[in-house]
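First chain A sits with chain B, and in the next complex the same chain sits with chain C.
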Partner chain A sequence: MSFIKAIRWMVWKDLITEMRSRETLVSMLFFALIVILVFSFSFSMDHQAARELLAGIIWVAFAFTGIIGLGKSFLAELHNDCLEYLQMSPAPKGAIYLGKMTANFLFMLLAEVVLFPLFIIFFNLDVVEEIWILLVVFLLATEGLAAVGTLFSALTVQIRAREVMLPVLLLPMVIPVMIAAVESTRGALNGEPFALYSQWFHLLGVFDLIFTVVSYWLFELILDT
Partner chain B sequence: MIHRIIKQIQRYKGWVGAGAAVCLLTGTYLGLIASPPDYYQGEVVRIMYVHVPLAHTALLAYTVVFAGSIWYLWKRDRLIDNMCHAAAGLGFLFTGLALITGSIWAKPTWNTWWTWDPRLVSFAILFLILAGYLMLRTFLTEDPDRESRYAAVLAIVGFIDLPIIHFSVEWWRTLHQPLSISTRGVSISGELLLPLTIMSIGFHLLFAYMLMVRTQLLYLDELLQAKKGRLLTQMHLSRSQTSP
Partner chain C sequence: MIALSIVQLSKTYGHYRVLDQLSLDIPSRHCFALFGPNGAGKTTLMRILATLTRPSSGQFRIWGYDGVTEKARVRQLVMYLAHGTHLYDDLNAIENLRFCLALRGIIPSDSQIKRALDRVQIGPFGHMQTRYFSAGMKKRLGLAKAILARPKVLLLDEPYTSLDERGIAIMNAFIQETIQREGAVLMTTHDREHTRQVANHMGILHSGVLRTFPPHELSTYVVY
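Coming up: the complex of A and B.
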């Protein structure tokens, strides 16, 4: 089985499982909805305060939602010993990682694309001009979260207290992604000129590149028996 | 070969410990009594004789964890893994102490316990990463091989991440406001440098000594567990043979 083909099969497998059960996306979306509501209650925001805080709220909601999805990613493989079959499969381990990562990336991105209009509605935003910039931020930051998150999802799935360990391990590691995503989202929402926050795009790009490569390389050690 | 080196090191362990004690005692005398107070900071500067060596040792400890993790993944030597585990525990301790002493120093000097300075944030995150590392190891104890492998993977990711975290926080702060206090401009006079150097040597020796003791302890504990397991299996087998 060729490398690209193995990746494609992994992604297809995850997508088809999700389409039949709808477990991951539904739980992600409802969790995110609750996070948004709790935030809007606890800050009781007027329009001005919302502008300042919103970028942070969006990314905290996205990160927590992503963790829900990432936690489910390898948990699903535990049922019926699927994980052992993945370990035994002749497909290259790197392809399994990239496939899983792509699937996680797609789920997270889909959740973000569904959730962002809710932010627009609830917080009365006006983002017609910056929507493409925001989309690039979402793409880059989600890739970073998925790159480290998929590795850590595999790392924590077979241990006790996995629900606690995934965020405990993941969140400190993705602090650069969070900072860069919040700063560039804030810049875009406030309508600042692109040059003022474009350097965060470089940081996101570098982080994505480094950690996709590092995780790809280390993933083999996780699936090793 | 590594086991022979370790044996040699174990033989001189006591000397390292004694050297640490001598250096730390001399350094404490020089730092607290013999050296003058700093021109700008006054008596507060004396906590620096503990704080700076602690911070350096913490970084050294994490470097040991990182290098040891790569070595473990390459050679799969149990002893190296025990060393990583020991170094991570010590790094956690030293990072925590460095944060506490830094906070105590910052209150009279900067008039705040905490500020979002890149170095402070990086150290706090290092503390969290090491805490996660140790938690991961405690949750995985039933499978020693997997425990070591997973811990090594985590240590490598964290070590690569740390400079990026530091860099991003630095960027983040400088964009919002210039750093309020920079210690880079302040040079150290010789009278203050001597106790700092001696304390630094002392803390590094102390770290080396504690690392040896702790590695030995973890290694022996692992041997004991293995022996216990074998003994139980033997008992079980002999009992099942005698019973009809």
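Coming up: the complex of A and C.
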């Protein structure tokens, strides 16, 4: 079957089921909201301190929110043995991976789009001039998290302690993404010249490329075992 | 032409041997019914043939394609209706059919879907989410999927479970249809009466060992 069509059907299925159940997005948003509230009450920051620390806070919130969504991604496939159907279907397994990854990417990005304005409000930020750079950072870093996270979600879904194992395995793997995302976001929020932190963009791009390709090749192996 | 060929197939889980050197040929236009007590290894065999589990040793071929090294080809030819329904509760019946068939590279028209749903007598429920379906309706929807997919080899794991008499008749009619169009069917079952109507070869699996027998000896062999 057409590779692109298989990806499209996987994304369609995940979006439709999420639109009807709202299980993943609601969990992600509530969790992230609590994280923002906890941070905003824990740190009373002036404008400059907020710009220094906020990049880390934002990406901690985004990463853990993403893990909530990634954890549910393949869990839904266990119900009624649907994972078994994906495994024995003749559809290219790489297409199934890319479909799931795209859906995870969209859910995480949607959560970030909803949450970031809350950060602006709670921490009194002015990001009008840096918004486009921040948007690119969000896109690149979220792609990296989704690429590795989708693979690890498939890997851990049949393990009894999957809720613990997913973050334990995933977070060390995405440390380069987290560092690059935090440094890029900090540079943008501080209004630094782009040249000063552009190397982190390159790291994000290279990480995305390598880990998307590696995850794509490993996915079939994981699904078949 | 041999549709399904199993040669010296074994499966072990740790020290427990579930299938022991099992060999079987099912020609096209044949339906083989496999009986056996719980835990005999029937579902394990089905899962191996559906490429869900690797055999520990031996091999099997589907229409000449090796089941381990040519999985992609085998998966195009085989359809496995298992205990699990393989349905997404948040999708309706039509959406489930469209999605599952799309992964097999089949895009049925609206009228084909309607005909398949009508044939399994759940036509009025096409737009209902399958979370509200009974077990029998889910089984019928699985059958509608197979009707539209027209597999060359049909693997049925206890196909009559949850079905009423009408549903069983529809299932048997589809088995007959698969046989008539040069396909082959392997089914596991405990239901002698309904199986007798469609199966032309039979066997009993006990402690991982297969013994075949002609259908007229069914009542003699199937005691466990």
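Brief remarks on what is shown
Assume the second predicted complex is superposed on the first by the 224 of 225 C-alpha atoms of A that agree within 3 Å, B and C clash if a C-alpha of one lies under 4 Å from a C-alpha of the other, contacts with A are read in each partner's own complex, and residues count from 1 in each chain.
FYI, contacts are C-beta pairs under 8 Å (C-beta built on N, C-alpha and C of every residue); 3 or more make two chains touch, one makes a residue touch a chain.
As the structure is a prediction and not an experimental result, all values here were calculated from the model.
Contacts of A:I34 after superposition on the shared chain: neither chain B nor chain C is touched.
When the two structures are aligned on the shared chain, A:K13 is found in touch with chain C, with no touch to chain B.
When the two structures are aligned on the shared chain, A:S215 is found in touch with chain B, with no touch to chain C. Legend: residue contacts after superposition of the two complexes on their common chain; A:M165 is shown touching chain B, with no touch to chain C. With both structures placed on the common chain, the touch criterion links A:L151 to chain B but leaves chain C unconnected. Once chain A of one complex is fitted onto chain A of the other, the partner contacts of A:K5 are limited to chain C, with no touch recorded for chain B.
According to the touch criterion, the shared surface of chain A, contacted by chain B in one complex and chain C in the other, consists of residues 224. Interface residues of chain C, counted against chain A in their complex, comprise 50-52, 71-72, 75-76, 78, 80, 82-91, 95, 99-100, 102-105, 129. For chain B in complex with chain A, the touching residues are 73, 125, 128-129, 131-132, 135-136, 139-140, 146, 149-150, 152-154, 156-158, 160-161, 164-165, 167-169, 171-172, 175. The touching residues of chain A, when paired with chain C in their complex, are 1-2, 5-6, 9, 12-13, 16-17, 20-21, 76, 79-82, 84-91, 96, 224.
Those residues of chain A that touch chain B in the shared complex are 148, 151, 155-156, 158-161, 165, 168-169, 172-173, 175-176, 179-180, 183, 199, 203, 206-207, 210-211, 214-215, 218, 221-222, 224.
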